[in-house]
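Following this line, the structures themselves.
Same chain, two partners: subunit A is paired with subunit B first, then with subunit C.
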Partner chain A sequence: MNTVLDKFAQAAQRPYEHVKAWKQERGVKAVGTLPMHFPAEIIHATGALPVIVQEMPDAITSGGGAMYPFFCGYTRSIVDQVTEDQLGFLDAIMFTDHCVQLLSAADVIRISRPETTIHFHQLIASLRQPWSLESSVKTLRELVADLEEVLGVVVTEEALRHSISVFNENRRLIRDLYQMRRTGQIQLRASQMQHIVKSSMVMDKETHNALLRELIASLKTSTAPRSDTVAIYVSGHLCHAPRPEILDLIEECGATIVDDDLYTGYRYVSTDVDAGIGDPIVALATAYIRKNDNVPCPTRIDPEVDWEEWLLGAVDRCGAQGLVVLLVKFCEPHYFAYPRIKAAFERNDVPHLMIETEHDGVAMENVRTKVESFVEMIKVQRAARAVAA
Partner chain B sequence: MKSHVLGIDFGSTTAKVVILDEDGNTVASCVSQKGAVSDEGVRAALRGAFEQAGINLSAVVRVVSTGYGRRMLDIADRTITEITCHARGARALVPEARLVIDIGGQDSKVIALDRNGLVARFAMNDRCAAGTGKFLEVLARAVNVELDDMGAEALKAEETVAITSMCATFAETEVISLLAEGRPKQVILAGVHQSIASRTVGLVGRVGKHDPIVMTGGVAQNIAAVHFLGKALETRLIIPTGAQIAGALGAALFALDDLRSASKVKRDDDDAVEGKLEQLLADPQRCTPACGKKETPVTFKA
Partner chain C sequence: MSAIITPEQRILGAEPPIAKKANRLQATKLNNQMVNAYWEDLFRAKEEGRLVCWTEGIQLNPILQAADIAWCHGEAAAALLAARKESAAPQAHMETLGYDRELCSYARTHIGCGVMNQSSTVEAQTLLNVDARTLGSRIPAPDMIISAYPFCSTGQQWDNELYRTFGKKVPIFNISMDWVWGNKSSAKYMSGPEFREKVAFLKKQLQDCVRFIEGITGKPYDWDRLSEIMKYTKRAAELRLEAMRLCKARPSPASFFEWTNSIAPVNFLPGGPEIVHYFEQKKAEIESRIAQGIGSVPVEKYRLWWDGIMNWNKIGWLSDKFAGYDACMVAGRYTHMGFWQEPQVIDLRDPLDGMAQNYITCPISISAPQVIEKIIEHCEYYEIDGLILHGARTCRAFSYPQYMIADAVGKRLGLPVAMFEGDMVDETFYKDEVVSSRVEAMLEAIDASRARMR
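This part shows the complex of A and B:
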């Protein structure tokens, strides 16, 4: 089991080394994508390796001169990666999300490295309009045509259907791990789960699926009750990974992270593409529209789904006793949504703690004190309720 | 011989020790300032407290540590955060407390208590030292006023001046500019305290204002900080005797809980506490017993 987990960890911790080695070994192209809703099945169907561009932990140097410090750490990091010539191994970069910070990053990349192929096809953000599906289908068809031209290939419906099937299996296997973890059958740490999901973002999906099957077969399941830790749900980090040391720290403080809606977590695997829909592009567009039902995204406009109400339900369903919000500094969509989340959790008397994260790191002792206090608070309240009952 | 428990608040700038006897009487409390998270400070506070209590090390059977350096003390049976301990200590000192404002050396915390005195929610500053004792320390140095005098000086001012509440470093630059403009020190100091109050009001806003409000921590001893914060919150803050040792008192009360919930029979490893205390206090870098600043024992019974 450790060998498989080590492979996931290596790919997650050194994603670009993994991609470069894969390219060299297989002689394939690699196409970078920016989060959050890009249907990477389309790149897979071209025969290229889809790679979600990751935030790197390095200090921001030359990229700092190209972007103001009030842009989020992920955006500044990818600009820095480009200005530091770290993304040259990608044959193109594509994205479909309208985050204003990512758009700015793309502009900086175009200006500072004009040789980089970086194309934007904007998926409609408003999900419940009568024309939302049609608009998404149109955007994805344009994306396919663009990719065909950039990579010099033809994307067949058969190839797309195969890619959808492979990606669905990947999502299902990871969701199976989530379910086993929620029920306490397996004891994977949150940072290990992050490695699993993050590695899926940069590894060949068939290879990843094979490793996942191997992992699941080797995991020892247990029906023993959880140890005396506080079950916690972690929310936030909508487009990149929180530092694994923060997840480890939360679990060192007497908590067990039982579920999450992190991008490098459950959010990434929440929604399958319906293989029963005849036209695979329509199937991908439909999954995009429906994804918000499964895990709401504050960057989408959806009057029928409130993230805060959904979060309350998610926390309850997984048996968590509290919510930890990991809020990325300068993430405007999350800043916009957080006050409503806070109000909803206070109104419903569900403990919650917000931790703001930064690319340049957080004061870990400060975070430790907050998380330990949060865990102590929940334990004391739990004990008081038990006495009262 | 009565059993005793020890609460140690190993803070970022001061160490505080409270000793309770098994009946819950406070028999000693001591504060020592020896620099950031200083072992020397803990030793000094312990020596002062033991001298005040007049007990042997062997009388101590439970130890709980709190504060920034809480995990550095292997004499502790367990560690509890300063948020939980200040809440417990403040509630013990002021039973009707519903909100605790603890402004310490590096951190400021606002803790809302429920009707039963349990922590309901809390807010804490992040990495920035604005609104903490360190903020006052930096700015006292900038205007060349002793830290202990700056509160009284600030209250002499007939007006205040706006100082940023966001960053101690920026604030220092602002203060130097104001001095260069010839603004009186008292006015600048009033602005400094108003700035701390603004910052703290922001934290209070995150958990909600609930009266009565108790202030603990070292900054509670600063009359101008209390004045401007009370004014900003439009309420009278309660400053209990022993506000600075509230965290150590809370830790000691948790240690007392542990003692009372445990068997009355002497624990197998009770001697280990004495041994570890002896070891800590025998450290060659120890300071003199008198270097701890003794607090007047807080009249308190659990």
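This part shows the complex of A and C:
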């Protein structure tokens, strides 16, 4: 088991070294994608390795001369990676998501390194228009045609169906782990779950699936009740991973993270593509539109779904006693959504704590004090309720 | 540089001496009258039984005007409040609710108006300390919201938040504006298959938007009236561009600040003979100034370009500040590259296509390579000596290409720049001391460059 987890951790911690080694070993191309909703199955169907470009923990250096400091850490990090010539191993970069900071970073990348092939196919962000599905299908067909031209390949329907099947299995296996963790059958730390998901974003999916199967077979399940720690749900970080140190810190303060809607977490695996839909592009577009029902994304426009109400339900379903919101500094969609989350949790008397994270560093001891107080408060409430009962 | 302040003055925290004042155009007073009349008319809309639409981003007002719907343009409302020093109240309401100050200040101010609007009951006034006499709370609540924001995802999210602020009870129509990224080399400014596809998609959504409007008004849409309104809008836009081009003259008869003060007629005022008359007056005054050799600043030693959105609570103040430096802000991206910037493509028999083309080529909707080429064209035409890059802290859509702009104009035109942070309507981000030192350094660089050339 540890060997498999170590492999996930290595790929998650040094993602680009893993990709470079894979390219060298297999002689395949690697196509970078930017978060959050890119259907990487399409790249997989070309034979290339899809790689989600990750925020790296390195300090921003030359990229700081290309972008104002009031942009989010992810976008400043990827610009810095380009200006520091760290992404040259990618054969192209593709993205589909309408986020002003992501678009800005991509435009800066294009000008800073004109030799980089970086293409944009905009998925409609407004999900409930009568034309949302049709528009998404059109966009994805254009993306396929563009990839065929850039990579010099032909993408067949059969290849797409196979890729969808492989990706669905990957999502299902990770969801199985989530379910076992929610119910207390297994004890995986949140940072280990992050390694599992993050490595899936950069590893070959078939290889990742094989490792997941191996991991699940080796895990010792338990029916013993969860330890006396406080069960916590973690929400936020919509497009990149929170530093694992923060997740570890939360769990060091007497809490157990039992579930999340993080991008490098459950959000990434929430929605399968319906293999029963005949046209695989229509199937991918449908999954994109429907994904918001499974885990709402505040970067999408969806009048029918309220993230705050969904979160209340998610916290309740997994038996968490509190919510920790990890909010990335300068993330405007999250800034819009957070006050409603705060109000909803206060209205329903569910404890919650917001922690703002920054690329340039978080005062960890300050966070520790906040989390310790939060956990103690929940314990006191729990004890008071037990006495009252 | 007569207005450069001394270290002693800095230590004492004195206001910079405004030794000279900008020479304001008389025609601008007419603009102010029209703007005041517009807002007063909007404040009365509900009493007069008219429907009200809240919108922001692109100029949808002609479409609404043709359906007899009153409109509140979000940025215009925020700018008005900032200019009249009343933006703090709605911003404070938003902060109380937990909205972060780093969020778009236009959105915070506009949504704050919605919160104040909802809080106008006696109980809410007591609880939230809302003063019903403030401008923010006088803006009538919407009967519909139309969202159409180019490039900036925050714009769509702003409308989504408004929709929720009003309890999801106000119908909303979401228009998606695709960005012309340019995946293929055939994609050029206003041409190429990618551009035409995006225009067609937007035009179709505008047609659907008209059906949405018909559903609310219960009346068939008056397409002839839209053409009539666009006739005035198009003519006003043409006159504005002609008048702006005249400012190539030395000294420049009008400044970027004057054009900022003339945004309303091409952004949110009703389309009619008044806006045409306004730009005729303005152009005539500019021609008269050229004939007499009168400049926008008393002494024009430097000709500058302003990149970035205006700091709306500082227009007059900055106008005088730069006049004090003997610097004329001749042109800028915000004014000279937007607001019906391509009127010639508007066919009055089928105005939606041309309108869509204008919407999709506004200065935040074209990508950085095209922005840079356009800026270089303008800088060469207006014979610019240096660039002011105002990084509006909470408008990332406008600010993001500025490092690239600075790099390009430096390399290709040899122009110095002064970059500083500020904001559109949250004046707490503006630091005058930083602005002064950076502007003075740039002007000294221009002086040094000129000395070397002699």
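Criterion: the second predicted complex is superposed on the first by the 389 of 389 C-alpha atoms of A that agree within 3 Å, B and C clash if a C-alpha of one lies under 4 Å from a C-alpha of the other, contacts with A are read in each partner's own complex, and residues count from 1 in each chain.
Note that in this section contacts are C-beta pairs under 8 Å (C-beta built on N, C-alpha and C of every residue); 3 or more make two chains touch, one makes a residue touch a chain.
These numbers come from a predicted model, not from an experiment.
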item	value
First, second, both or neither for A:Arg14, with subunit B first and subunit C second	neither
Subunit A residues touched by each partner, larger count belonging to subunit B or subunit C	C
First (subunit B), second (subunit C), both or neither touched by A:Arg113	neither
Which superposed partner A:Ala384 touches (first subunit B, second subunit C, both, neither)	first
Where subunit A meets both subunit C and subunit B, residue numbers	none
In the complex with subunit A, residue positions of subunit C that touch it	97-100, 102-104, 107, 147, 151-154, 156-158, 160-161, 163-164, 168, 172, 174, 176, 178-179, 181, 183, 201, 204-205, 367-369, 372, 391, 393-394, 396-397, 399-404, 421
Subunit A partner contacts - residues on subunit B that touch it in the complex	68, 80-84, 107, 116, 118-122, 124-127
Subunit A residues within the subunit C interface of the complex	65-68, 70-71, 98-101, 103-105, 107-108, 110-112, 119-122, 124-126, 129, 131, 135, 146, 298-299, 301, 303, 306, 329-330, 332-333, 335-336, 338-340, 342-343
Sites on subunit A touched by subunit B in the complex	346, 351, 356, 362-363, 365-366, 369-370, 372-373, 376-377, 380-381, 384
